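After this come two complexes, each holding chain A, first together with chain B and then together with chain C.
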Partner chain A sequence: MLVTFLDIAIGGLITGGIYALIAVGLSLQYGVGRVLNVSHGEFIMVGAFAGWSLYTIWGISPLVSLVICSPIFFLIGFFVHITLFRYLRSRSKSVEAFIDSSLLVSFGLLFIVQNIALITWKADIRGYSYWDTSVTILEAVFSLNRLVALFFAVAMSGAFYLFLTHSRVGKAIRASAEDPVTAQVMGVNINRVLGICFGLGALMAGFSGILISMIYEIQPNMGLEYTLIAIIVVALGGLGSITGSLIGGFILGLIGNIVTYVDPGLSLVAYYMIFILVLLVRPKGIFGK
Partner chain B sequence: MNHATAKSKKYLSLGLPLLFLLLLAVAPLWIPPYWVVSFNTIFMYIILTLSWAIFSGPTRYISLATAAFFGVGVYAMAMMGQELPFPIVIALSGGLSFILALFIGFLTLRLKGVYFIIFTFGISELIRHLVLWWETKFTGTVGRWVLMMDYTTAYYFLLAIFVITVLSAHIIRSSKFGLALKGIGEYEEAALHIGIDVTTLKTITFAVSAFFMGATGAIMATRWTYIDPTIAFNPLFSFMPVLMAIFGGIGPFYGPLLGAAIFAILEEVLITKFPYYYMLLFGIILIAVILFLPNGLVGLLKKGEKRV
Partner chain C sequence: MKKDKKRPLTLQNYPGAVLILAFMLFTGVCLILTQAQAASGKAPDKIRIGNAISLSGPYAPGATTTQIAPYDMWLKEVNAKGGIFVKEYGKKLPLEMIRYDDKSDIGTAVKLIEKLILEDKVDLLLPPWGTSMNFAIAPIVTKYEYPVMGVTVDSMKIKEIAPKIPYFFVHLNQPPVKAEAIIPLLKELGVKTAAVVHHADLHGIEFAGYVMPQLSINGIDVVLYKTYPMGAKDLSPLLKQVKAADVDAFLAFTYPPETFLITGQAKAIGLNPKLFYMSIGTAFAAYRETFGANVVEGVMGTGAWNPKVPYPGAKDFWDRMIQAVGPGKVDWYGNAFCYSSVQVLEQAIEKAGTLDRKKIRSVIAGNTFDTVIGPVRYENQINVQSPGEVGQWQNGEFEIVAAKAKRTANPIYPKPQWP
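Right after this comes the complex of A and B.
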């Protein structure tokens, strides 16, 4: 009984930690930048393949890759925003028009990134084993890499939360999320903040991608599923609420593990049920204002 | 413009489509069989895009539920194709999608903008995973075999549905009904205040567009002969109509038609040999169109017309 409970609880925390990171990334891009970035999962996929390539080709530990790749992902995201979305935003007649057209542009990005990956790596499933010795916690057995992934997911979320609440840029981000026009009047360089948000979103995606490559098998088609999970978590936590996404990620991870314990075939069904129920009963999410 | 040219223009606008239709009707008699098969796929995309545009064009509610309605049609054919004649199954498939759309429509009355988009997407994915779970758990096998229909018969069925879709799109557009829908797209609150029954109107139009998607799914199932939830409810069936319609231009009804035709032909040429390059090209064109041609091909054509 205790073992089953621990299995589900810690398993849920591990999945939840990754879901939370992914969702925070999407939340930054949508909640602040109004780009419902459906190519989010593709950045995760690229992160996973970066981790895999660096390890299998040069033997670089994924933990080192986390440090090397994160700034690169940030720059890629920042660059995508200042080239595509800034231009689109300046040209859109209304916020609603921008939301629709930026959604379509991110679909375009999805197709581009995914198919470049398919051309480069083919549709094969890949993986590597790293630190997969087993650890026993009160009779429940976990492989070490999963616990390491959990640690890094939580550490990253925590660090980001502090950054958001305590740094100047963090405050500017929160202000812009609340009311972009007023934030701009108060001297926030909105274009820069939006670029930073998109860059941070890409960073979160790449970071979680590397963690995912440590514990799961990867393939170029994996992105969309993570995008959908991120959208579900963001809806659960409330569109635009970054704390909501963090907590929502852990909730969904736990629910997923409980349902998988009952019937593995039903976990995705459960996710979509929750998603639809949340949208119908409380469209603003559990933590939305 | 004088009277004579106005009159000739009117005949032209009626005569051209009729001539085109006649050509399509006799086409299977003289074009190679391979082309007839290609035409089936092209028709599929055109019907899906046109019927998507019937609802989403004027109301500007972007629906990503096309795969759900299409997939319901596919499964209806897989389950009833052996027992009932094809035309009846096709009509029933459309009817089932119609009912599903009514149900979804009533559920989504309160949702707007991006919430509507992700809800419709969520519901199609939910149905896909439910069917997948059901099939593995209770049926035992994931896929199903469908009774085959020969490609020429399928061609004529699709042509018939295509004509009905175009006619319905035209009738809806030029009626009071269509005007009211446009009102919803431009300013929903105002439409509500001048006494338009917004919710009923939206739901019915949504269901009508779903009917054609379901019927098309039923016909395509007989061409594939083997289906499973991933084939029937492929999310690409939800994305493609949106992208094709926007590429063509959502305004007049020939915009989506043009967009779907161009992309479907491009797909037929490229997808078997270079599937990844096709999708890559698709992504690049999509971004370019959104950034530089906000009104699609139709917008470009109109600009050219004005300059002349």
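Right after this comes the complex of A and C.
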């Protein structure tokens, strides 16, 4: 009984950890920056391929890749924001208009990134084995790479939470999420904060992409399914609530695993049932205001 | 006496004659032009081959590995020797490929096939990737009378509709052929209990639907039977149940993503039954490359071919294939089938001696062709030659272990422990 419980709980947390990271990234971009970034998954895909390339070509451990690639992803995200979305935002008549046009732009970004990836890496399935030995926790067995992924997902989320609550930039981000106009009046450089948010979102995507490449096989069209999961989690946790996305990710992972244990055929059904239920019962999400 | 006034010989004075002359001149020119045109139409300078296939989207990995690579290699090889000899024109004609990306979308594929036929007016067509894609284009190629040899089409339904789509040939061995060989193998190895899992897509449902009753008829006890959705991200709860069931054989009817996922997770949780079988993706070299030859040692998969088969040109083909795309990017099953399908096409054109598609179709339907998968022959448009039905990774090679008569190596049983 204890073993079954641990199997489900830890297994759920592992999947949930990655979902949480992905969702926090999207939450930053959408919740704060109002960019419904459907190309979020493409950044995850690029991260996964970066991890794969560095490991198979130069033998660089994905854990080292996390450190090398994260700042690069941040800069890419920041650059994308100041070139595309800042311009778009300054020309939009209202927030709604900006949300609409940014959705279209990010669709364009999705196709561009995906096609560049197809040209660069071809459409083949790739994968590598890294730390795939098994670890036993009180008789429940897990693969080491998944536990490592869980550890890094939790560590990253924790560090980010501290950053949000304790640093000046973090406070500015939260203030901008609550009320961008007032934040600006209070002296927050809104354009810079939004750029940072988008950069951090890309960083989270790249980071989780590298973790995903340790566990799953990868291919250039893998992005969209993660974008969908991120959207479900953001809706579950509450739009604009970063804590909500974190917890929502873990909840979704856990529920997925419980359902898979009962009947694997129902796991995807469960995800979408939750999505619909949240929209019907509490459209603002669990932590939405 | 009235003297006839002589009419001067001018155009105005003889309008009738001028008209007749002009008409003769016009028809003469037309005749020469149409003859010239007919002559140029009769002797084309190349054979144009159309191929709408997934270069992007979820089908692209399979399409690239299994079909595009051997098609392109064949095209290059044929052109290097000057082309295919067509008797009607008394010369060799090189090939030209017109390829479009169907974006893994059936609607797009259908439109592109019609564009290739009606606008580009290609001479012949190659098939798209995937069962549903092939199903979708089969009536269209039949309507326009283009013979097509479907390679990645895997469904029992095709047999029922075959009479309605006489221009569509099924080249790959179908589920009954591959599923049928599992049972005698299990019996030979002395398997008593089995766990069966499969994805909820046509391939998994059909395969399981065929194997399940056969297992019970043959006295093999199915202890656990479950399905899972495609796109599952964590199957460890399911695999742990399989482990707890402690069965002799684990049979999973999978697509490539789950084949990879199950392998990694089975290794991690130590699920190591005596027989470990998964269907699609097991034969990919990428599968071996991802986990390493020592990890996949003893894993069985559906459909087997390797260069040790006793068919002419097999080894040579494999060497060239590996040289063309690299050892890590080949498909140990599909590549040979794909290449043999274009071997059939090439031989059929030569035998027919024309580019007349009706004649090519009847040559394909009524002859036997020597290819790298053996002597191919179609019965009701379905290829009856099968080089091997169950494969097993042994020392980095995908050996044929069933059917028994076709073995290139004896099966390893029980499967060794994961390293």
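In the analysis below, the second predicted complex is superposed on the first by the 289 of 289 C-alpha atoms of A that agree within 3 Å, B and C clash if a C-alpha of one lies under 4 Å from a C-alpha of the other, contacts with A are read in each partner's own complex, and residues count from 1 in each chain.
By our rule, a contact is a pair of C-beta atoms (placed from the backbone, for glycine too) under 8 Å apart; a residue touches a chain by one contact, two chains touch by 3 or more.
Keep in mind that this is a model prediction, so the values were computed, not measured.
Chemist: Does the chain A-based superposition show chain B and chain C clashing or fitting?
Modeler: clash
Chemist: By the touch definition at the top of the document, which applies to A:101: first (chain B), second (chain C), both, or neither?
Modeler: first
Chemist: Does the superposition put A:84 against chain B (first), chain C (second), both, or neither?
Modeler: After superposition on chain A, A:84 lies in contact with chain B alone.
Chemist: With the two structures laid over each other on chain A, which partner does A:114 touch: chain B (first), chain C (second), both, or neither?
Modeler: In the superposed model, A:114 contacts both chain B and chain C.
Chemist: When the two structures are overlaid on chain A, which partner does A:268 contact: first (chain B), second (chain C), both, or neither?
Modeler: Both partners, chain B and chain C.
Chemist: Is A:142 in contact with chain B, with chain C, with both, or with neither (first, second, both, neither)?
Modeler: second
Chemist: Quick check on the superposed pair: does A:231 touch chain B, chain C, both, or neither? Answer first, second, both or neither.
Modeler: First partner only.
Chemist: For A:256, select first, second, both or neither according to whether it touches chain B, chain C, the two together, or no partner.
Modeler: Only chain C is touched by A:256; chain B is not.
Chemist: Regarding the shared-chain residue A:279, is it in contact with chain B (first), chain C (second), both, or neither?
Modeler: The answer is first: A:279 touches chain B but not chain C.
Chemist: Which stretch of chain C would you flag for clashing with chain B, going by 97-105, 241-249 or 367-375?
Modeler: It is 97-105.
Chemist: Considering each complex separately, which residues of chain A are in contact with chain B in the first and with chain C in the second?
Modeler: 114-115, 118, 263, 265-266, 268-269
Chemist: Enumerate the contact residues on chain B facing chain A in the complex.
Modeler: Chain B reaches chain A through residues 60, 62, 107, 110-111, 113-115, 117-119, 122-123, 125-126, 129-130, 132-133, 136-137, 235, 239, 242-243, 246, 276-277, 279-280, 282-284, 286-287, 290-291, 294.
Chemist: In their shared complex, at which residues does chain A touch chain C?
Modeler: Of all residues in chain A, those touching chain C are 7-8, 11, 14-15, 114-115, 118, 122-129, 132-134, 141-144, 146, 215-217, 219-221, 225, 256-257, 260-261, 263-269.
Chemist: Could you pull out which chain C residues touch chain A in their complex?
Modeler: Result: residues 54-58, 60-61, 63-65, 104, 197, 200, 226-229, 231-238, 240-241, 256-257, 260-261, 264-265, 267-270, 281, 284, 286, 290-292, 295, 329 of chain C touch chain A.
Chemist: Contact residues on chain A for chain B in the complex?
Modeler: Spelled out, the residues of chain A in touch with chain B are 36, 84, 87-88, 91, 96, 99-101, 103-105, 107-112, 114-116, 118-119, 224, 228, 231-232, 235, 239, 263, 265-266, 268-269, 272-273, 275-276, 279-280, 283.
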